[in-house]
Amino acid sequence: MSLILILEQILNGLQFGVMLFLMAAGLTLVFGVMGLINLAHGALYMVGAFAAAAVAGLTGSFVLALIASLAAAAAAGALVEVTVIRRLYDRDHLDQVLATFALILIFSEGTRWIFGSFPLFLDVPDYLSGPVTLPGGIKYPLYRLAIIVIGLVVGAGLFWLIARTRIGIQIRAGEADREMIAALGVDISKLYTLVFALGAALAGLAGALVGAIQSVQVGMGEPVLILAFVVIVIGGIGSIKGALVGALLVGLTDTLGGIFLPRLFTLMMEPAQAASLGASLASMLIYILMAAVLLVRPSGLFGGSA
Amino acid sequence: MGRERLFNLAVILALLAVPLLALALDEPFVITLATKVAILALAGVGLNIALGLGGLVSLGHAAFFGIGGYAMGILAAHAQNYEPLFSWPFLFEGSNQMPLIWLVAVLASAAAALVIGALSLRTSGVYFIMITLAFGQMLYYFAISWSAYGGEDGLSIWVRNEMPGLNTLIPIQFFGVCFALLCGALLFSARLAGSGFGLALSAARQTEERVETVGLQPFKLRLVAFVISGAITGLAGALFADLNRFVSPTMLSWHTSGEIMIFVILGGVGRLYGPVVGAAVYILLEHLLGGISEYWQIFLGLLLLGMVLFARGGLIGALLGREVAHD
Amino acid sequence: MKMLKSFAMMTAVATAVSTLALAAQAETKIGMITTLSGGGAGLGVDVRDGFMLAIEAAGRDDIEVVIEDDQRKPESAVQIADRMIQSEKVDIMTGIIWSNLAMAVVPAATAQDVFYLSPNAGPSVLAGKRCHKNYFNVAWQNDNLHEAAGAYANDAGLKNSFILAPNYPAGKDALTGYKRMYGGELAGEIYTKLGQTDYAAEIAQIRASGADSVYFFLPGGMGISFLKQYADSGVDLPIVGPAFSFDQGILQAVGAAALGIKNTSQWNKDLDNAANIAFVADFQAKYGRLPSLYASQGFDTANLILSALDKTDVSDQDAFRSALEAADFDSVRGDFKFGPNHHPVQNIYVREVIQEGDVFTNKIIATGLTNHADAYAPECKM
């Protein structure tokens, strides 16, 4: 196996990780600030992808499609927060799990009702399609590089928002002490709606970005949702930094494990059997990683107390 | 307690009466539905011990349900194909005898619960929810790629397994078996809740310190509860596989975990008969709504949502008030 | 309870009515279990629509079709099947899309003296060791399209294929089927995760492998993702695949990334026979979209049933079975007959993805295998 291939796979792992970060950031913010487990976060990812596909189909513009994904997911998030989620903050996790599970059913079948049962079309725009040659002779798709860049820019923006702005201060205060912040005269319900919509918008953006190179279909959010949960649990729930580290860790583990495990097994057995066994173990790898991290640090890498 | 006890009696009698009536009216499928309710309720009774009594929100109980199912599938598949399961230390050709299958299912899922519980219980709160989910997913992906036992295709058993003295292929007889096991689990569960162990577990759920000060270790209490809970859910899994004469990784998926949890919450968390009411209502809804619209899951979602938002304490809580509720 | 009683009353009345009607002509009840909700619903909807198109065109009022959604869950499929057989007393069942659901339902159904006609899904076990006299497959045995692809690779002079499929039984069957016919070398063989949506890592391996072509079996959304990412990666090795990833329902979501790709299928809308021309026109007129492979299979299944019912009544099981075996209907595939294990013996074509106006579709460019039967027929002792 050549060095170039290994480097290319590391880039792939990085790109996957950045995409997971966009999903996980919203989840972890919502949990950190409001103490809410949102299983319906994957549904917002789906909403973003469908909105982008619909707008791209009408206008042909990818930029408009991305804006639409942000807007639609944020709007859906805000709507859900005001009508449902708001009533769940002071409930236990159990009620939250059940209510957001119900939201998944409503969103999935509702989307199918509106858009039909067939996958939608959403493609990479011409100016981002095709491969570019990187230093060292690696041919790598431009669009995937763009995802890495967009993800890192959004991540940096998020860190800036939380560290430097008024809203960020309120968010951090909310994480530390919920009663305190209300006493300070901040309109807490508005802040919560804002945070939830922000998380939703990030998920929607991830859905649209990924939708262009994957399939835009009902239920597309669920596998990603579970991975995003793995990410925030590894990173420590509530921590944006943890989400970033966890996302890259999961992205790299999943990508590299999928390639190297089958090869490792070929040393010991015949190719077809090795490919199958290696693939089986690779699909369990991130869960094994998560269990291992929690055994050493029961509240994740960067988590305080849950 | 009087009203709730009366209500429980009515619920269990209704569950017994429906299939008998269906038998008289020659509606075998209604019996199958009632059997499904009894089995899923049993899975819920198992989860309720962890969830209601121990306060352990496990989103990975599909793991035990599936292990029970695969215990049945693997034993019966070997027996039907005359391929020995192992030949050392003694020759074992699998089995199609329900009691033995149940025993294996209970032991296997209890062992799995011991391992998963010992690791997961080091965490708490939302981490516990997520790590149980992760263990469930791990087993799910393992089962999908485990080609020796069908992988994603699952395992079909051509004939239902046997119970000495009964013909389990007759729907009402198989219902009787499942109903009896459900009643047994309910009795056991009631005794457990009233025992010293149950009280200590409840106390640990509310205030951990109080239990520690009297010299009990909350971790051990919870682990025991988790193992019992997993074992009962595993038994239900073996029965469910026998109902369908089929087992597949779907039984291990996180949707199954979610559904078992819904049975418990729909009926009322911590209510002894909550899972029975929850499973019955869920199956009825699925059956009725499925006939109305292709998009029936929207209505199911709305109903569940309304339930969580406006009827806290589940259906039993809504009907009887929150007399034994605990937060 | 009240509902239950009134339901029982209704069935009692219905039974009485149908007993009366028996004198004139017996009712035939067909149970269709298919996937109408969730991610895989597109395929089930097409099978149903194709099937009902034929049934409605026949205009017979002695056939009743009961349609139920299995949500792609084997457990619900089994329970619906139990209900259809026990309570509704169906004579014929059909509709299942997925192999794992078929494996759960078919053995029990045929054991209870119900005919099962598969409009999709042909697991190898049901074609070989566990074949049954009441089980007919009207689509293909699972390996068939992959075998044709292997044969086509030989014809096209491909010598070093890179092959991949998901890590589950149908995926393994697919690669086995391809290898059964393909005579060249393998540059690589990968099993991906079921439901995987990102193939960057696999595409990088393909690029590095030195292969001269790629064969993949990735049904549903997996195939869409793979094709889009492959087109964007700059790897330009020729791709061959089975029809599932290039069919009418899915092709619009793949878009230009699929143009020019060769895929194998037993049917295409440009097959030049009267039955097919009428089918394509009628389907478009009724549903406002082009029919898919699955719709054609549903349509053929219904016409096969109708042809047998024209000859005899379903209650005479032996006569009905012989009538099915004769396959005396105008298939949209042209020639169609059953082998000894009740699986099709048919031509499998090579198609190329083209664009007609705004719509992506296929045209036939070659015949991959002629009068092809499956490899499991010798194992079947009926």
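Every chain is named by a letter (A, B and C) in the order it is written, and numbering of its residues begins at 1.
The rule we apply is simple: a residue touches a chain if its C-beta (ideal position, glycine included) is under 8 Å from a C-beta of that chain, and two chains touch if they have at least 3 such contacts.
What you see is a predicted model; the values in this text were computed from it and never measured.
Taken as a contact graph, the chains are fully connected, with every chain touching every other chain. If you compare B-C with A-B, the chain pair joined by more contacting C-beta pairs is A-B. Per-chain Cα centroids separate chain B from chain C by 35 Å.
Centre to centre, using the average C-alpha position, chain A and chain B are separated by 32 Å. Shown for chain A are the residues in touch with two or more other chains, namely 108-109, 112, 276, 279-280, 283.
Residue positions of chain C touching 2 or more other chains: 37, 167, 172, 193. Across the assembly, chain B contributes residues 141, 144-145, 147, 295-297 that each touch 2 or more other chains.
Across the complex, chain C meets chain B through its residues 1, 4-5, 7-8, 36-37, 68-69, 73-75, 78-79, 82-83, 86-87, 99-100, 103-104, 107-108, 111, 123, 167-170, 172, 193-194. Residues 31, 37, 84, 87-88, 91-95, 97-99, 101-106, 108-110, 112-113, 226, 229-230, 233, 237, 276, 279-280, 283-284, 287-288, 290-291, 294-295, 298-300, 303, 306 of chain A are the ones that touch chain B when the two sit in their complex.
Of all residues in chain B, those touching chain A in their complex are 51, 57, 59, 119, 122-127, 129-131, 133-135, 137-138, 141-142, 144-147, 254, 258, 261-262, 265, 269, 295-298, 300-305, 307-309, 312, 327. Listed in rising order, the residues of chain C touching chain A in the complex are 37-39, 41-42, 45, 167, 172, 189-193, 195, 197-198, 200-201, 204-205, 207-208, 220-222, 224-225, 228-229, 231-234, 249-250, 252-257. Remark: chain B residues 18, 21-22, 25-30, 32-33, 36, 141, 144-145, 147, 150-154, 156, 158, 171, 240, 244-246, 248, 250-251, 290, 294-297 touch chain C in the complex.
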